[in-house]
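What follows is a group of structures, each given as structure tokens.
Both complexes below contain subunit A, partnered by subunit B and then by subunit C.
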Partner chain A sequence: MAFFEQLASNLIYGMLLGGVYGLATMGLSLIFGVLRVVNVGHGAFIMLGAFTAFWMFTLYSIPPIASIVMALVIGLALGYLIFMSVMRRLLDAPELSTLLAMFGIGIFIEELAKFFWGPDYVGYSWNIGGISFPITEIPFTKICAFISSIIIAALLYIWFQRTKLGKAIRAVVEDREGAMVCGVDVNRIYALSFALGIGLTVLSGVLVTLFTPVGINVYMGGDYTLKAFVIAVLGGLGSPWGAFYAGFIFGLLENGSYTLLGLIPGVEPFGLTRFVSFAGLLVILLVKPTGLLGGE
Partner chain B sequence: MRRYKPLLPVFAIYVILLIIGATTPGLWQPIMFIMFYIGIGVALNNFLGLTGYVDFGYVAFLAMGAYGMAVALNYFTELGFGAVALGFFLALLFSALLCIAVGGVALRLRGAYFAIATIGVNEGLRYLIEGARIWGGSEGIVLSGKLRKAFGPDFANYLSTFVADVCLIIVIFVASVITIYLINSRVGYALLALREDEDAAKVVGINVTKYKLIAFFTSAAIGSLIGASAWTLKLTYVFPEDVFFIHYTVEAIVIVMLGGAGTLLGPVISGLIYGALKYYLSVILPGFQLLAFAPLLIIIVVAFPDGIVGYVRKKLRGKSLFEYIR
Partner chain C sequence: MQVAIKWINDQGGIKVGDTVYKLDLKYYDDESKKETVQSLVERLATVDKVKFVLAPYSSGLTLAAAPIAEKYGVLMNSHGGASDYIFEQGYYYVVQTLSPASKYQTGFLDMVHKLDPNAKRLALVYEDKEFSRAVHQAAKKYAEELGFEIVYEKTYPAGTSDLSPILNELKATNPDVIIGGGHFADGQLLASQLAELKIDVKAISILVAPALPAFYEALGTNAEGICAPAQWEVGVKYSPDVAKELGFEWYGPTQDEFMKLFKEIAGEDKTPSYHAAEAAAVLSYAKAIEKAQSLDPAKVREAMNDLGFMCVYGMWKIDPETGKQAGHEMVIIQWQGGEKKIVWPTAAANSDPCYPIPSWDEKSAGKICGT
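And then the complex of A and B:
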């Protein structure tokens, strides 16, 4: 019985985490969908969000859930700055250039963070109780993170469907020449989508810390970059909604398979779970590159 | 022979570097450090430079080489020098196997999808080794004690200092010859067409898959030999988190781009600059080399997409020096 209890509690945990994974990947997918740029520096922006939460809490005792606004503003500004200074010049360049530029920017942010904040792990403790179930107890912080990511995703959905700018972004994703002909200022949409993508990523960095409040480190992002790639491909690269749903699938599969692989004697379940997820990535890329959920 | 003239400046740089290293006390290790970076630049250039495909998982081939050598030295220690030879053979074999696996999956993809798939291969392989506890799992393979016991401290020392360096140097010389051969041959012309426009190349009747695979295998083989000699043989240990470290791939990509992708001299000059800068920055600014490199990378990508040698070649067009620089 103990095993099923553990599996159930891990699956609940996986679903809550999956919501945050989904939101954390939407920015990556949005940027790829609109600009065809793979943000290989993704993790660095997650890390910035995590540190925003940490500093706001430590210095001003602002609850992390409130610093998502701050993180969004920082991310939007940073995204706009990066677009205007670097990405704008690379729009017609081959993919190699944008990949390398994003990688360089990611490293630069990480190293700058290390220069100012040091290489050590830091953390905070924000305890607001939890809900007790017969099998496990779930802290409110994680539920907060889960609910916020659903609310943010829902707001984004409405924004994309109803507003003129949202529609323009969707038009550029569908067909950029067509959008241009219809009078959409494509460069402005590029700038906006890039800023929004980075903003979302930094914001989700705040939510990530609600799950691992003591795992904040300047190099914490690498892990999230790789996971985000798997999730983005799972949901169909370039589709933010696909990415959001795929986040749930990934969270459930990750935690579920971790529990199951732990049953096999002589292996390290942590490493094998990663292996399974990357093997899955390759299979999806090969069999159905438009993603499990999408189909164009 | 005219076509091989560009090898002259390349070999001149190698020889001068080695002479400086051998005659100046205390400079041999820095020179070998630089040679390693030249080596991975030249090796990756044979694929990335010639085809334009970004392989973010390139370090996996060095890792396969490192593991090939480690497995040979660990399980066949009694063979002596034979174990080293077997190690190089296993390095080539493992990397070729990985090539077949990656070639079957990732090389069907293009652009961003290819780049992501190669990251997947690199990380997947690393976690397979760690998770399933293959070859020592995350504890890796540590050879120094075993080598000392089997060969005696003198010979073990000789292997890790002298033999390892000589092997790396030979590999680098051969790698440059292979690059110029590829550039000048039918393969090079086919790859040039492929790099400019893969669909057009296909329509003209070029078997793009075949040529991509040739470049991929060559580059992987050189990479695995570098991994076997510069890592396992020299350091006498292999840890998965070291040999699959994605930063090595990125460093190699930076070197190829900085020098000029697809050129012969490019990765040599930029490997020299990169290695020397990195070595001295790690002395002056320990821990913050990357802080200096990241902006450099961004500037190169934005302002000099052709790299150093690409830029120089444009300036030299029509002059007599032109045919020496490729």
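And then the complex of A and C:
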């Protein structure tokens, strides 16, 4: 019985975590899908979102859930600024140039953040209680993160489907030249998608702290970059929705595999969960290079 | 270091025979690079003709410097390398002032054992890294000797954002005491998820993270009662009187003198932490040189074998065989009423341990240690 209880609670946590992972990867996928730019500086933007939540809460007692809007605005502005100053000039350059540019921007942001905020690990405690189950306890903050993630993804979906701009972005993803012929201002779509991608990423940093309100540090993004790449590939690089679903798969896999691996005597299951996740990634790439949920 | 040097020089320096020597510090920036450390120690030994070296900061760099010191027969004193491994390589000229990793969690276990011999069920949850492994493997062995029953032991990889799989499992084993952690981020995460999952125990000690003020800032009242080992803390009660009581010799500045000199040298706004260990390393050299009545590193090393004294940092005594620090005890800090108090060892403590710690529900209702 204990086994199933463990598995159940790990799957619940895995699902909650997966929701955050999913949203935290959508920005990466969106930018890749539209601009074919690999944002290796992804984690730095997550870190900015985490610090937004932290400072808003610590300085002004603004509940982290409300920082979502603030983080989105900061991210949109920052994304637009980076696009106009750097990325616009590199769009026709080889992919390596944009990759290195994003790498550099990520490091620049981290070092700048360290200059202002120091190297300490900080955190906040927004104690709003939780739900007690017989098998585990779930704090409301984690549930908040999960629900926000779903609502934001749903809103984004509606925006993509219903609005003219959303449709234009989808058109550019499908066929850049075709969209151009139809009168879509591709550069404007690029700017918008990049800003939106960064905005989503910074926003998801807030959700990350709702899930894990401690250990906030200027270099915290590295682990999220790594996971985001796995999730993005899993979901079929370039597809924000694929990434969102893949986030769930990854979260469930990460936490669920723990219980299953624990059945093997003499192994440290936690160390192996990461091995399983990445081994899974390799297998998927070998079998289906477009990603598990990717197209043809 | 400079505090101890100033203190010794103000006291008249070190007497060897009829000659009085004043201490002088010669230092280089190693840029935290192993290659640089090696060439700098070589430079100190050959160009500067230094005989007594204060080791670089961190275990990795100390391990890199050790063979060079050994090669040139200069004595090296480690005040920033806690790894036991360095001292298991058979180096004669390398001694340690810091308590080794193997002793990081043992003081806490001693404390719990003394406060409540019935708290037997011990759980270990720690980061899968070399240092925390070394600490907790040694702690586990020690706990078993004390009669603890190890009910749970698991590691987690660095960079984990959710410890719930481990902690759900741990909860089912119903432990009395938890030790664990590894670094800053995971230590905070461990405490915060123990709170979320309401895993109530009688005592918790986490490596590294709780020793910093950021821990309390991040966790608020949930940090109440959580312990951590530290080499030294401002406010420790080691004094000439304590030394006399315990039958040891006192050497060096008192806590007040140390703080005063430190502020003079480092500036009013600085708070000493690892500096006390550095001072102790300098003091141990001075004491051993006087005892050996020689400036020959080999003779001084020999004199260190049965040297034992108490100073601002606590006891200083090495294991003659390995050079490992054997006298110094880790102090255990505990968050009580929003303040970091020293609760162990008794000779250093400035507050009584809070035991058993309040439950998570009590804490979220505002209960703190000492109320």
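In this section, the second predicted complex is superposed on the first by the 288 of 296 C-alpha atoms of A that agree within 3 Å, B and C clash if a C-alpha of one lies under 4 Å from a C-alpha of the other, contacts with A are read in each partner's own complex, and residues count from 1 in each chain.
The working rule: a residue touches a chain if its C-beta (ideal position, glycine included) is under 8 Å from a C-beta of that chain, and two chains touch if they have at least 3 such contacts.
What you see is a predicted model, and the numbers here were worked out from it, not measured in a lab.
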First (subunit B), second (subunit C), both or neither touched by A:4: neither
First, second, both or neither for A:95, with subunit B first and subunit C second: first
A:271 touches, of subunit B and subunit C: first, second, both or neither? both
Partner chain(s) touched by A:133 [first = subunit B, second = subunit C, both, neither]: neither
First, second, both or neither for A:289, with subunit B first and subunit C second: first
On subunit A, positions contacted by subunit B and by subunit C: 222, 268-271, 273-274
Touching residues (chain side subunit B, partner subunit A) in the complex: 52, 54, 56, 105-106, 108-109, 111-113, 115-117, 119-121, 123-124, 127-133, 137-138, 246, 250, 253-254, 257, 261, 287-288, 290-291, 293-295, 297-298, 301-302, 305
Partner subunit C, residues of subunit A touching it in the complex: 2, 5-6, 9-10, 13, 17, 120-125, 127, 130, 132, 135-139, 142, 208, 211-217, 220, 222-223, 254-255, 258-259, 262, 268-271, 273-274
Complex contact set, residues of subunit C against subunit A: 128, 154-157, 159-162, 164-166, 168-169, 172, 184-186, 188-189, 191-192, 196-198, 209, 212, 214, 217-220, 222, 364
Of all residues in subunit A, those that touch subunit B in their complex: 32, 36, 38, 40, 86, 89-90, 93-97, 99-101, 103-105, 107-108, 110-112, 114-115, 119, 222, 226, 229-230, 233, 237, 261, 266-275, 278-279, 281-282, 285-286, 289
